[in-house]
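Common to both upcoming complexes is subunit A, partnered first by subunit B, then by subunit C.
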Partner chain A sequence: MNKRSVAIFASEASVLCFCLAPFLYMLATALSSTGAAYLSPRGALHPTFLPAFLPTLEHFRSILLSPTLHFPRYLLNSVGISLLAALFSVAVAAPAAYALTRMHVPGAQILMFVVLSLSMFPAVSLVSSLFRFMTRLGWINTWQALVLPYVAWSMPLALWTLVSYFQQIPMELDRAALVDGASRFQALRFILLPMAAPGVFSTGLLAFIFAFNEFLYALMLTTDSTARTMPVAIALFEGLHGEIPWGEIMAAAVVATAPVVLLTIVFQQRIVQGLTRGAVKE
Partner chain B sequence: MNLVLENLSKQFRGTGRAVTAVNGIDLTAAEGEFLVLVGPSGCGKSTVLNLVAGLERPDSGSVRCGGQVFASAEDHVFLPPGDRNVAMVFQSYALYPHMTVFENVAFPLRVSGKKLADIAPAVREAARMLNIESILTRRPAELSGGQRQRVAIARALVRRPSVFLLDEPLSNLDAQLRTSTRGELKRLQGGSRHYHSIRHSRPD
Partner chain C sequence: MSPLILLLTVLVLQPVVGTVADSFRRDIVFLKPAFAGVSNYTALLDDPGFWSAARFTLLFALVSVQLEVAIGLAIALLLNEPVPFRGLCRACVLIPWSIPAAVSGRVFQLIYDYSNGAANWILQATGLAAAAVNWLGTSMGAFCAVVAADVWKTAPFAAVMLLAGLSAIPEVLYQQAAVDRAGPWQRFVYITLPQLKPVLVVTLLFRTIQAVCIFDVIFVLTGGGPGAATQSLSVLAYSYFGSGDFGYGSAVSALLFALALLLAMLYVRSTRNSARNGTWRRA
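Let's turn to the complex of A and B:
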């Protein structure tokens, strides 16, 4: 190993430590027993990293099994709402991206920029009118109250990603599909979507992660465990006598992070490069 | 079943100026005729094929085949490509890279809603005619140029089209393959009388 690669390795390692330290901290607190966390000299926020550290699953057991915490229900809300938001985002953005790249849409460029500019609104500027809107619909504290704004919010990103993926696919392929007797929807389903699979998956994944982490709308538009999502639930977590149950909070955070990490690992394997190789002559 | 083009015109409007790609062409191809369009690059040969296939709408004139009006600018008739029973082999072959050779050839039958039991024999028949039976499980990326072209032709033949269009079918092949493919296209045409074959090739 020469000096250069040592330097690169060292800087990579420091960036990695910087990024992962909070997660390690979270995990350590979640695994420390309540007593150990409080006994550590600098208080509750400092889990023990000493050799005496005995990992315990008591906090995980408590959040998963305690019926008053409704934790499994929050997790179900989060996963369900985020999945629906991601599915609808892709389902609406894919035909739109097809039309914008394959058909003569008047003002396609302007449309794309209007869509992009919509995503630049600060979320907080919309929340009060959105609250009144959902109240009128009678949707407060329901899944659809969150799914609808999340779809609208991740749509510009989904559209732009899919348009850029579709543009890379040779036009002759779906023209061939049309001549072969496919309808435009069949051309989209059998040719464009499978070929843009990495783009479709990463678009869906980004929409899912956005919805999974969203806090403001989830806080304003839900009132209890019927539709409340994980980020809000964790923020509003309180102990029985007003103390802050750090162990439970961190255990909940670990469980909430797990789906996103798992999804990323699973989808990463599907992001295959060079799918268009051999489609047309070199 | 004659293929008739009447006073057919097509313009492309880019930013600013319009380019006339096809200007009032009249053309009749009789049943079983092998018609070749020859001309320099950019003279509108591909546009004529696209107009017949239904990938472009004419600005004026009409395309008819037998008793059927494919497209007529004056009568505002436009049949989508899927309703014309026209097959086309693209210059780049346009094989679907994520499908095997079998799936490529089966694609026109699959989207027409045929059952798998009917699809497999038709695909094998087309594969036998083009001598690609041994490569049915491979993907386009693993094929040579000549093999790719055979697959593209098989995909066009499999649903027995009434008009068969070939866009520069020989331009991507080396000299030896070119001669053998030329002979093969004649043989395929002789075997089935109801194909119109419009082909264009560069004067080379």
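Let's turn to the complex of A and C:
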């Protein structure tokens, strides 16, 4: 091995270490028994540390089976709300992206940039008014109180991504469908959406991840396990006896991150494409 | 088209207008709401809590955005080369980005925990520190912890954006540089950086907007503490909402909104400029 490849391996190792170490630490703490003292300084330097460190599922069992912690319910809320938000954002963004790329919408470009700047608004500037709005509707602590703001919130990203995918599909295809007597909706449903399927999937995937990870709205617009999501449940999870139950917290963290981390690893290229699509002309 | 406009009007524009309107009212739970003019804003200017939150927010944005774009650029430069295990590295880089910020906040809370955390464990095991450091109990330690948690989570995003920018640089430029016998440093300064500049500017602006709005990592990791040392403007506004003072909280978030809007306009302008130049359409 020459000097250059040693340097490359060393830098790759540090990139992997940077990205994975906190994640693996979370996993290790979740799997270690309380007796191993969370890989603490004293525990780790003790000669019996390594033999004592046998992976155990006790923390997972205690958070998933406890009748008072409601973690399975939080997970259901998170997955359900994020799925609905992803479906609706594609359903709302697709017709708009169709209109912007296939019909002559006056001021289309200005509209695109107005929508883009909406995505930069700080969540805290919206949340108090949204709280009152949802209170008036009687929707506080329901799924729809989160689904609708999440759809609005992911709209800029969904619209920009879908527009850039639709632009790549030759106009002649759906124009031919229109000539053959298809309605505009049919052209979108049967020509554009199937042709742009990878783009539609990336858009939905990103909307799902954003909704799954959102924190402030979920904190303010829910009150208990009826609609509270995983990130909020983990943030507010405290022990009963003053001591922080790190093992349980990290087990809950693993459960909460598993869906998004798996999606990210499996669909890595789709996500990168969705995030950077149109950023660079290809 | 119209469902989209309706949705954005009701759920984004209307709340912002509502917040700005609230900021001119005295609106405290149990008290009758009344028009208050600019009194919320004049009170803010005399409020040391507001100034300390503003100072923290700007300092945090400055330090964390520079660090994460620098680290992101380093990762992107490495993964743009045909190195072994590139696919594996690219997949792992996305993991921190995909984890909910509230969860990574909790993980960093454990890392910086005084008696159980990995930070003190490593410092003491390697002999870098004689005694355990009280990370989350001192303002400097808490600042470092918050920056570290944010950089870990967002540097990968910068890396992904910059990697896309790097891969779009025409190969022919480097071939010409090779003919001219340019060294690696010269290629970086005279080709890579200028070609990457539009992507770099947009990434910097985008991340700055998100950094000045920081809420979840801080809420979970330090709760704004110790004292109010790591209270960002978003956390400050939220704490006023929590205590029922909607008028004052709205004034804080309206000012934050003005700052974000200003940055967003710069962002949109630089995206449009590069769209016109043809290298770019979106960040």
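Rule of thumb we're sticking to: the second predicted complex is superposed on the first by the 239 of 282 C-alpha atoms of A that agree within 3 Å, B and C clash if a C-alpha of one lies under 4 Å from a C-alpha of the other, contacts with A are read in each partner's own complex, and residues count from 1 in each chain.
Here is the rule we go by: contacts are C-beta pairs under 8 Å (C-beta built on N, C-alpha and C of every residue); 3 or more make two chains touch, one makes a residue touch a chain.
No experiment lies behind these values; they were computed from the predicted model shown.
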For A:T257, is the partner it touches subunit B (first), subunit C (second), both, or none of the two (neither)?
second
With the two structures laid over each other on chain A, which partner does A:G181 touch: subunit B (first), subunit C (second), both, or neither?
first
Please work out whether A:F23 is in contact with subunit B alone, subunit C alone, both, or neither, and reply first, second, both or neither.
second
After lining up the shared chain so the two structures overlap, which partner does A:V200 touch, if you call subunit B first and subunit C second: first, second, both or neither?
neither
For A:L146, using the defined touch cut-off, is the partner it touches subunit B, subunit C, both, or neither? Pick first, second, both or neither.
neither
Figure out whether A:L84 sits in contact with subunit B (first) or subunit C (second), or with both, or with neither.
neither
Dominant contact partner of subunit A by residue count, subunit C or subunit B:
C
If we overlay the two complexes on their shared chain A, which of subunit B and subunit C does A:E172 touch? Say first, second, both or neither.
first
Once the shared chain is lined up, is A:I191 touching subunit B (first), subunit C (second), both, or neither of them?
first
What residues on subunit A does subunit C touch that subunit B touches too?
275-281
Enumerate the contact residues on subunit C facing subunit A in the complex.
1, 3-4, 7-8, 10-16, 18-19, 22, 71, 75, 78-79, 81, 83-85, 88-108, 110-111, 113, 115-116, 118, 120-121, 124-125, 132, 152, 155-157, 160-161, 164-165, 167-168, 199, 209, 212-213, 215-216, 219-220, 233-234, 237-238, 241, 246, 249-250, 253-254, 256-257, 260-261, 263-265, 267-268, 271-272, 278-283
Sites on subunit A touched by subunit C in the complex
8-9, 11-12, 15-16, 18-20, 22-23, 25-26, 29, 37-41, 44-45, 92-93, 95-96, 99-100, 105, 113, 115-118, 120-133, 148-149, 151-153, 155, 159-160, 164, 209, 212-213, 215-216, 219-220, 230-232, 234-235, 244, 246, 249-250, 253, 256-257, 260-261, 263-265, 268, 271-272, 275-282
Per the touch rule above, subunit B residues touching subunit A in the complex are 53-55, 80-82, 86-88, 90-98, 107-108, 110-112, 139-143, 145, 148, 155, 159, 172
If we count contacts the way the header does, which residues on subunit A are in touch with subunit B in the complex?
170, 172-173, 175-183, 186, 190-191, 194-195, 275-281
